[in-house]
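Next come two complexes built around subunit A: one with subunit B, the other with subunit C.
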Partner chain A sequence: MSDIAGQKSSLTWATHISVVFLVVIWLVPTIGLLVSSFRERDQISASGWWEAPFSVELTYRTRADSEPEPVDGGYRITGNIFETSEVQEAFADGEGRITAFGDSARAPGGYEVGTEADLGDGERLTVNADGSYTYIVPEEPRRPPRVYFEAASPPQFTLDNYRTVLTADNMDRAFINTLTVTVPATIIPILIAAFAAYALAWMDFPGRGLLIAAIVGLLVVPLQLALVPLLKLHQTIGIGQSFMGIWLAHTAFGMPLAVYLLRNYMAGLPRDIIESAKVDGATDFELFVRIILPLSFPALAAFSIFQFLWTWNDLLVAKVFLPSGDASKVMTVKIADDLLGSRGGDWGILATAAFVSIAVPLVVFFAMQRYLVRGLLAGSVK
Partner chain B sequence: MATEIVFDKLVKKYGAVEVIHGIDLQIDPGEFVVFVGPSGCGKSTLLRMVAGLEQISGGDLIIDEERVNDIAAADRGIAMVFQSYALYPHMSVFKNLAFGLETAGESKAQIKEKVHHAAEVLQITPLLERKPKALSGGQRQRVAIGRAIVREPRIFLFDEPLSNLDAELRVQMRVEIAELHRQLGNTMIYVTHDQVEAMTMADKIVVLRDGYIQQVGKPLDLYNHPANRFVAGFIGSPRMNFLDGTIAATGDSVEIEIDGKRIKLPGRTVQRGSVGDPVTLGVRPEHLRITGGEGMGTLGTVRRTLVESLGGQTLIYARTEGSRNVVLALDGQVDVGENVPTYFDPALAHLFDPEGNKL
Partner chain C sequence: MSPVLQGLVTIVIGVASCVAYFFFSNMILDKVLFPPRGENAGRNINRANQWRPWLFMFPAMFVLGLYLVYPVVGSFWRSLFNRSGDEFVGLGNYAILFNSPEFQTAVFNNILWLIFVPAASTFLGLLAAQLTDDLKWGNIAKSLIFMPMAISFVGASLIWKFVYANDFDIGLINAIRGLFGAEEPIDLMQVPFWNNFFLMVILIWIQTGFAMVILSAALRGIPEETVEAAIIDGANPFQVFFKIKVPQVMSTIMVVWTTITVLVLKIFDIVYTMTGGNFGTEILPSYMMTFMFRDDGRATAVAIVIMVLTLPVLWWNIHNARKEMR
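Up next, the complex of A and B:
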């Protein structure tokens, strides 16, 4: 099936460039999310994800908290900066190289490592690359004095973000909820639309053309228009805000596209095959189940990918048709409401949550995409 | 017992447009009938009306003395072979053959037996597990025919089944279908635009044009006694030569004037027409000779433009003095000069009036 249609275009190179362009545009943020989701929060804010394999210069602050000892003209504090209480956790493995140090948050790396810095008021500070420091103060300090330093820390990858996202904050529950919404909201419209599409494509009844026109018309109606009336209807008939309600809503919103896509595909199936089956004695139902459905598989797969992605990524319909309690939040709502609100600065968590939410659509797409391109009709008619 | 089909004033309309104009036809039990005609003549529509795939707008279709106008395709006891084969692409050959039996609700064992029997008849047993896309054109054609015979229908319908095959395979399948008809003895209707297929396979040929029957008859009757100019031109290859002229003399020996030249047809008479009426003389290329004899007519000497040597036959394309094209089909390998004398047996010549009807 390599010779799909006509001759090879002379603009092949343009096609190739476009493909590369699209692939890059798509891949860069996806990989960025994936890489970021494995990094620690501090490292994410210090360097871009493309620098993830390299050491990161991070700024630390601590206090020179060793015991001051009296010397000529004041007190001297000596010790290793990596062992001070505020940062010792970050350097638990004892590795680390200091590149610069300072005494204020404004210039945390104001002095070169290994030099003696005159901090004014008779205070002098020396910090060496290995972390050893000497702090000389004229009077005994009431509190250990502040020290800022910049140290290169090796790249660190962690599953902590995933642990947090998947277990804490009810995210696991939201994942299950999303599946609960998505799977029926994909299957129900396909079941209904396939029957409708067959009837509209191959059965003769009065008003068929009008019905098709109406469906095409419905394609362009924005679903926002129907949100409130539909919700009111659900309230009236007792469905209310529930999973049942959102299944019906997604089914209704997906139906025009589903019927339209499937009808067009089915109408394109070779007429001879259908007539042959009729001569062979098949009823409409047998014809539909045994001939039309198997041959329409590419269209069914295409639509189910669309509908799955759309319901999976949906935020609006979920917010309207599901109760607002934690027990029925789907992932998009969870990310938008809870994570962005409470952990808006925690990029690692956000990246992880985002990646978790696109992982399933990715799997679905790669599993189904071969049906999109497979020529199922090869060999049926010459 | 084989089945009889009667068409009684069959009419097909698409909206206001009538495409089949009251066809009357009698098809005898076990007959192999070929509908032939140029594209758009309504032959496929007529076949599909028999199949039940097209609604009948008027008249009666009677199969075995039962009016079947309103009976669904599946219940008419017919099987159809489509031009495109129309195999079910997602099913193996076995499943393709079994489909019709399964819809009829036959038992698994019966289906298996019947499918294997049909496969043996058509020599496709080794292909039973394959999908249609793994078959060659000829094999697909066999499977399509197999799908028809496995249901043991009363009537077989073929809609240009050979037109997708290459020339060699077409000849071979033609023979096989004829053989199949001899074996099964069912009534068969076969649609084609190829007059060679019609001539070689048919018990009875129905020539159609623009929704009307032009002539019905045995292949040789149509060849020897075409009812009109259309049939005369359609049946036979190469095509019959037609020369327009006027009647110059009637009586025992008709004379025709073509381009100021009188052509005598010794022994030919006409029932209608008088001197001065326009007339068309038709002579088949294979009936033209380059040697004369007693009682022969002549077109005079024609000028050769092209010679095609086929080995067994030599085709000479030529122009008459009046610049009309004629073709001569001579037996064997013949050398001719630039100017070719032409003679023909008046008994084999045809005369048509301006409406195309036989005189």
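Up next, the complex of A and C:
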């Protein structure tokens, strides 16, 4: 509608800018999580993820452990600080730039790089930006003397967090459990709902309107109501807290939306097709299997995506209907109850676990967005 | 049996038994009970057709009845008993609830959520829908704003934990505060009263995409003549938006608003993961979970309170659906 006369170009620019602004705000938190999941623990706490591409200033301590050589009035230790045994690993690639140094943990960067520091008792230390140092001591030291320094360490990205999350902590188990809950809970309701939806859309019987209204009402019923009585019921009939129980629960909780969505869609199918099939002698069953089901594919796809996302992302139903042991925890429960509690401070692990748990829904979302949107519209717009 | 295998077997058995049920029950109806043969052929066809809808609907109705209708009664009944369920206490659980300060906080916070989240999500969604509508890259923008819909509430909470972190080098908000000269980072989750709003932002972030998608479709459905006529009459873009477009999508706005309202009453994940209900952020769904497995009487009483709060929306939805069918 922008081609209509009277649009000002300044307004168009304002639109562009505000949309960019909106999109950036919406994306930034997720990007932060993604970037953090590839960073090391030290780097995460030393600089914000928005500074991830830049060097991080970290404090190191080491010992000047080259062989002391006697000189006039004492001993001299020279070498490169990056090659001393305590920090060798951190600077394995030979890069690094020192910004300051010192001789105590209280002031690890007390002296400017490149200057000679008088440490008292006749000790003098010089550390240059490239890591070369000269330490002069009056007597032969019993142990290599301590040196502290601050260095800009290059940005580091690692897959260590992913390795930890996927192998330790039972997160792999939780991933499998999530899949185990999700797939049957997505597939089983579809057929049940489709038959009911067909009956509500194309068969005439007394009380049809009332039933549709009831479905609409059930869409809203909070499932908190179901938790206590149904857990009790499951325990009475011997299912207890188990995968079987959660499949049944998810099947039922997804049912109102499934019936509602599919009925809306099926009711919109062209009457001619259905009537001509009936005239040709098709029974309701044949009509449903041969014509309605294939034609309703978009709605079936839409519901499957909804149900998949909902069951994958669910925390409440999993907490109540699955046993609380580690063997049957799904990812959301694992993250909310275990990681946030015991690993509360390990941001790298948290970010990675979160990303692992949202990766699959995101793929499904971007691959099937078309159907999702269509389903939303069928379910909401009047 | 490993759960994975059990899952596969369940899929096969579940789907096969559904197909078998529908196929054989239908066959029995047609061939055995009311065969379209003999002297009663005509009457039998009619009777078979009277029965068939119920046959088709039975499995769905059964699970709906058991898992959603029965619990309304079951929960209410359970809420009249004490913790262990053996002593009838009447409305005692409700009396205790209404007198407890935590419950009052939860209700108060929940009202804040009910006002703020649907309003903000719908408004932002409408804004995003209108702004992206004219742009060439609007669809990409939409898809990015819509993306949080796919993220679990737990995942979203974690994402925002990074934004809110109590640390200049992790939390984005604190980093921005530091940029403006703040001395100490603050824990946003412990700021009284406002922490509720920080939590709401998470749900708004998730739901705006939903509102945008639906409202965008509604905006596109507006007949162009109305907009053209307004522009010819000299209306500026803001007038076109607020006086021509918004009134025409008002019913959709209401649908979006009520859908998000109902969602707000069900979501316990965000509060549970972010604060665990501490620092005065409790809301009813998370308050209920503090009693779950501990005191079923009070847990169900809270659930019934939540149910009562959804009743207006429930009535409104049914009313609309019936109006539409007529």
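The rule is simple: the second predicted complex is superposed on the first by the 262 of 382 C-alpha atoms of A that agree within 3 Å, B and C clash if a C-alpha of one lies under 4 Å from a C-alpha of the other, contacts with A are read in each partner's own complex, and residues count from 1 in each chain.
Operating definition for what follows: a residue touches a chain if its C-beta (ideal position, glycine included) is under 8 Å from a C-beta of that chain, and two chains touch if they have at least 3 such contacts.
Everything quoted here is computed from the prediction, not taken from an experiment.
**Student:** If we overlay the two complexes on their shared chain A, which of subunit B and subunit C does A:283 touch? Say first, second, both or neither.
**Tutor:** Touch partners of A:283: subunit B and subunit C.
**Student:** Could you tell me if A:118 is touching subunit B, subunit C, both of them or neither one (first, second, both, neither)?
**Tutor:** neither
**Student:** Is A:230 touching anything from subunit B or subunit C once the two structures are fitted on A? First, second, both or neither.
**Tutor:** second
**Student:** Between subunit B and subunit C, whom does A:139 touch in the aligned arrangement: first, second, both, or neither?
**Tutor:** It touches nothing on subunit B or subunit C.
**Student:** More residues of subunit A in touch with subunit C or with subunit B?
**Tutor:** Partner touching more subunit A residues in the overlay: C.
**Student:** With the two complexes superposed on chain A, say which partner A:295 touches: subunit B (first), subunit C (second), both, or neither.
**Tutor:** After superposition on chain A, A:295 lies in contact with subunit B alone.
**Student:** For A:275, decide between first (touching subunit B), second (touching subunit C), both and neither.
**Tutor:** First partner only, subunit B.
**Student:** Which subunit A residues lie in the overlap of the subunit B contact set and the subunit C contact set?
**Tutor:** 283, 376-377, 380-382
**Student:** Okay, in this complex, where on subunit C does subunit A touch?
**Tutor:** Checking each residue of subunit C against subunit A gives 3-4, 6-7, 10-11, 14-15, 18-19, 22-23, 26, 30, 49-50, 52-54, 56-57, 59-61, 63-64, 66-72, 74-75, 78, 127-128, 131-135, 138, 141, 143-155, 158-163, 165, 167-170, 172, 175, 205, 208, 210, 213-214, 217-218, 221, 224, 227-228, 231, 237, 251-252, 255-256, 259, 262, 265-266, 268-269, 272-273, 285, 288-289, 292, 296, 299-300, 302-304, 306-307, 310, 313-314, 317-318, 320-322, 324-325.
**Student:** Across the complex, what residues on subunit B touch subunit A?
**Tutor:** 51-53, 72-75, 78-80, 82-90, 99-100, 103-104, 131-135, 137, 140, 147, 151, 164
**Student:** Quick check: in the complex, which residue numbers of subunit A touch subunit C?
**Tutor:** Those in contact with subunit C are residues 1-2, 4-8, 11-12, 15-16, 18-19, 22-23, 26-30, 32-33, 36, 44-50, 176-177, 179-181, 183-184, 187-188, 191-193, 195-196, 198-200, 203, 205, 208-209, 211-213, 215-230, 232-233, 243-244, 247-249, 251-253, 255-256, 259, 283-285, 288, 309, 312-316, 319-320, 328, 332, 335-336, 340, 347, 350-351, 353-354, 357-358, 361-362, 364-366, 369, 372-373, 376-377, 380-382.
**Student:** Which positions of subunit A touch subunit B when the two form their complex?
**Tutor:** Contact set of subunit A toward subunit B: 270, 272-273, 275-283, 286, 290-291, 294-295, 376-382.
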